[in-house]
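In the two assemblies presented below, chain A is common to both, partnered first by chain B and then by chain C.
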Partner chain A sequence: MIREQRNLILNTLTIVLLFVILWLFDRYGTDYQIRILNNIAVFITLAVSYNLINGICGVLNLGPNAFITIGAYTSALLTMSPAEKKISFIIEPLIWPLNVIQLPFGASLVVAGIVATVFAFFISYPVFRVRGDYLAIVTLGFGEVVRVLCNALQNITNGPLGLKGLKPYTNLWWSWGIAVLTIIIVQRLINSSWGRAMKAIREDETAAKAMGIDPFRHLLLAFLISAFFSGVAGGLLAHLITTISPTLFTFFLTFNLLMIIVVGGLGSTTGAVIGATLFAWGNEALRFVESPMQIGPLHIPGIPGMRMVIFSIILMVVIIFARKGIMGQREFSWDWIFSKIRSQRI
Partner chain B sequence: MAQTFFHAQHLTMQFGGLVAVHNFSLKIDPLEIVGLIGPNGAGKTTVFNMITGNLTPTSGKIIWQDRDITALPPYEITRLGIARTFQNIRLFGNLSVLDNVMVSYHHRLESSFWHAILGAKKYRREENRIREESMKLLQMVGLDHLAKEPASSLPYGQQRKLEIARALATNPKLLLLDEPAAGMNPQETLDLARFVRNLRDSLGLTLLIIEHDMKFVMGLCERIVVLVYGHTIAEGKPEDIQHHPEVIKAYLGEKKHARH
Partner chain C sequence: MNIQIFIQQLINGFTLGSLYGLVAIGYTMVYGILRLINFAHGDLLMVATYVVIYGMALFSLPWYLSFPLAVMVTGIVGILLDRVAYKPLRDAPRISLLISAIGASFLLENLALVIIGGVPKPFPRPPIFDKVIDIYGVKVQVLTIYTPITTIILLLGLLYIVHNTKVGKAMRAASRDFETTRLMGINLDRVIALTFMIGSSLAAAGGIMWAMKYPQVNPFMGIIPGLKAFIAAVLGGIGSIPGAVIGGFVLGIGEVLIVAVFPGLAQYRDAFAFLVLILLLIFRPTGIMGEAIVDKT
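And now, the complex of A and B:
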């Protein structure tokens, strides 16, 4: 019990420290630093919720971009004022009742999560009828379906024009508040009896069934929770970049998330956090490789997409030399830190 | 006793043109230890898979405590009190030894996942109780000192024991063991037989056991069913089975074949 109390105190202190640092950045940091921090938080939320399905349940879901898209559009449509919507939807007017509703940002995020969850619920039955590669293809398909629908449903999503001029509501408090909340909830789930059952399904579904576990119910639970937080993160992302269009949420977004959790360590929330941080930071820090360069006599023109090449190389190196990623399936824990300190003393 | 405890009636399992099990019937009374033997490929594991719901028989019925469980999914059957181990060990390799056992309590959990996410007292109490009971089971099979190790790191014999502990944790009334003594040395096999008999006596379990080790089967089981090419060729007490001409033929071949 004393150990649990110690961990609780340390966790609380860590969160307080995190928010003190964020407060300092909020006050004294540059726009560039704040943007990177916001990106990191959104990707942490995305990666941690994606890892719940892929890492903990061991299901290769390739459709998180569907949930993110739905969350982004839902939230964006709810925060825009009726006047803004009227100006934006020039080809076809927005359908009722979306054209008259306006909600505060927080409420729009909750609705974004719920709509993504409802969508996940509807596709869960076909998705979990199959496993392995087949499941990957089905989810990939749904991801594409949503993207195509965003292009086609002119009177809801404004089609290829997208939604522009969203208010930049996403600040450090929203993005990191939700990232921390996601980590706490997902971790609690993973460490509970439900998480154990999900891992059992990952390890051996036949054996899990023989131990009285209904795989569908548990995969569904993970899928819905994952969809909820992906949807919320989609809403955050929309109000961070302030312009959304169907091209933003392609399979590449899914690929990036997959890269994050594989490099971090499939099945480790700590790994997902580390992976997301490295990715979001690297994505900005490596921007220079895409601009024209002069190395001695050699002139290299700017090649867009060069960052992805570097990320791909990192991914390959990790897969070859550290197949389980940075963390493997391990998690950060205070117990581990203290046992290290103790063994150092001896 | 009017109640049917366990009764498999005329089970047939066909895979395309292959009849894996033909017209298999077996009635088991409470507290019996029944052996299921036969040469490789006789359909013993197929019988297990039908009983536990991994396969739906082509025809026939399985009655468990007066209830037809033929078409139920495996997890429902486990919840009704039939547990099993696997011939080719199927542990949750990356989970700890303790977690492997604790998984089996999940289907009887009373708290909802909201309780778990919100860290409710009700859930934490349940979790603690499950941990204690799982440790007791591990103690029973002598694995408590390895509770935190990953299951895949255990040697073969201990993995078999963990499989039994995990199956016991589902709280079964009928336990199906698929080759529990495979890969064990004679001393371990002897200990296992004592352990299984003790399970029956202390927990009131009924057991159906597939095993190739004849000494083990003959010493432990009170009744034996012999399966050859999907057909039941003999059923009876161990001493009768040992002298049954059909059984000897199935295992050793006929005399004229054996001579040259």
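And now, the complex of A and C:
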């Protein structure tokens, strides 16, 4: 009991400390720093929710970009004012209920999550009828279908033109608030009996079934929760970039998320957080490899795509030589820290 | 729609389908042996077309030399792919293998982007494929006739190799059981390398014909044909070589005819293949020619 109380206090203190740091950045930080911090938070939300299905359940879902797209479009359509929508939709006007509704940002995020969850629910039956490679391809297929629909359904998504001029509602409080909320909820799920059942399915589905676990129900729950937070993060992303179009949410995004959780360690929320932080930071820090360089008399023109080459090599090196990634399946815990301190003292 | 247009579309479908089929053979062979979706397989199409372009532009090779050269180079790239990305993971969980495959695919695409650049290049189609012939009022480009014929010839050759040669027997053995294959004194790594080489060479042939049909080449051109060819392989029954070609034909003809009959659906064309896949996995996961999918342990 004492230990649990101690951990609770320490967790609360950490969150308070985090928000104090955020407050300092909010006041004194540059735009650049704030943008990177926002990116980190959005990718933490995405990676932690993606890790729930890929790492904890051991199911290779390649379609999180579908949920992110749906979330982004839903939330964007809800926050734009009717007048803005009228200007944006040049080719075909927006269909009826959407063209008059306007919701505050927070409510639009919740709706974005719910719409993504409903979509996940509808595709769950075909998705979980298969496993392994087939599941990967089916989910990838749904990701592609959503992209095709975004291009085709011009009276909802404005087609290839996308939605422009969204208000930059996403600030540090929204992005980090949701990131922390996602971590708390996903962690509580993982540490519950449901989470242990999910891990059992990951290790051996037949054995899990023999113990009376219904794989479909457990995988569905993980899938729906993952979709909800991906949708919410999609909404955050839309109001961070302020311009969305179908080309923004391709398989590239899924690839980046996969890399994050593989490098962090498949099956570890801590790993997902570390991976997301490294990625969002590295993505900016590595920008120099794509910009023109002057090394002495040698002029190297900017090479677009170099970052993705580096990322693909990192992914392959990690999966071939260090399959466990940074954290493996371990998690950060205060108990571990204190046991370290104690053993040092002796 | 009159009968002539219908026949024309049918021939188009056959051509498209035979391209899917050629690429699908590579998927199905690799899947049969390694139980792995070789994600990078589609990108081999891109490798082959760039080899042709550079062979013809830089070394001014005639097409009848640069096409075989591209097929050979792609075969070697296929072997290298296996060595670098898949061989170290033979005993790893399947999910790692699949992630490595996705990484390899992105690496190939982005290496091409870095080395060659993202601007689409025109594919130098040899003029003899441009000729248009008239069969009872149906005007057809000779290319659309050559493509299915080439596919059928390659398929027959491959079936001969698989069923009538020692190497083919080794491949069939490897697709049943690794351990026993090794015990029979077969060099498994050689068999796998050969499988990759044959599959990649066929993908190269498919890629060259694809580029002659759609002569715009860019580093990401292999993704969509690759995915659809995979669907064709599943449709035909994964692991079955004739099934892959049949699946390719069904998918190609279906895709062309749907757009021909309902022109309004043209923009959903890319979604059609995935819809087929999803329905297939719900109702008949083993495909047209397939046996039941068993997990090889």
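One rule holds in what follows: the second predicted complex is superposed on the first by the 343 of 346 C-alpha atoms of A that agree within 3 Å, B and C clash if a C-alpha of one lies under 4 Å from a C-alpha of the other, contacts with A are read in each partner's own complex, and residues count from 1 in each chain.
Criterion: a residue touches a chain if its C-beta (ideal position, glycine included) is under 8 Å from a C-beta of that chain, and two chains touch if they have at least 3 such contacts.
The structure displayed is predicted, hence computed values, not measured ones.
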Chain C versus chain B on the shared chain A, clash or fit after superposition: fit
Contacts of A:133 with chain B and chain C, given as first, second, both or neither: second
Which of chain B and chain C A:221 touches, first, second, both or neither: first
Touching partner for A:210 - first (chain B), second (chain C), both, neither: first
Partner chain in contact with A:200 - chain B first, chain C second, else both or neither: first
First, second, both or neither for A:183, with chain B first and chain C second: neither
Chain B versus chain C as contact partner of A:257, first or second or both or neither: neither
Partner chain(s) touched by A:68 [first = chain B, second = chain C, both, neither]: neither
Which superposed partner A:166 touches (first chain B, second chain C, both, neither): neither
Minimal inter-chain CA distance - chain C and chain B, angstrom: 11
Footprint of chain C on chain A - complex, ascending: 58, 60, 62, 125-126, 129-130, 132-134, 136-138, 140-142, 144-145, 148-149, 151-152, 251, 255, 258-259, 262, 266, 303-306, 308-309, 311-313, 315-316, 319-321, 323
Residues on chain B engaged by chain A in the complex (per definition of touch): 52, 54, 73-75, 78-79, 83-84, 86, 90-95, 99, 102-109, 113, 116-117, 119, 123, 126-127, 130, 166-167, 169-170
Of all residues in chain C, those that touch chain A in their complex: 31, 35-37, 84-85, 88-89, 92, 94-96, 98-100, 102-104, 106-107, 109-111, 113-114, 118, 219, 223, 227, 230-231, 234, 267-268, 270-271, 274-275, 277-278, 281-282, 285, 295
Chain B-touching residues of chain A, taken from the complex the two chains share: 185, 188-189, 192-194, 196-197, 199-200, 203-204, 206-214, 221, 329
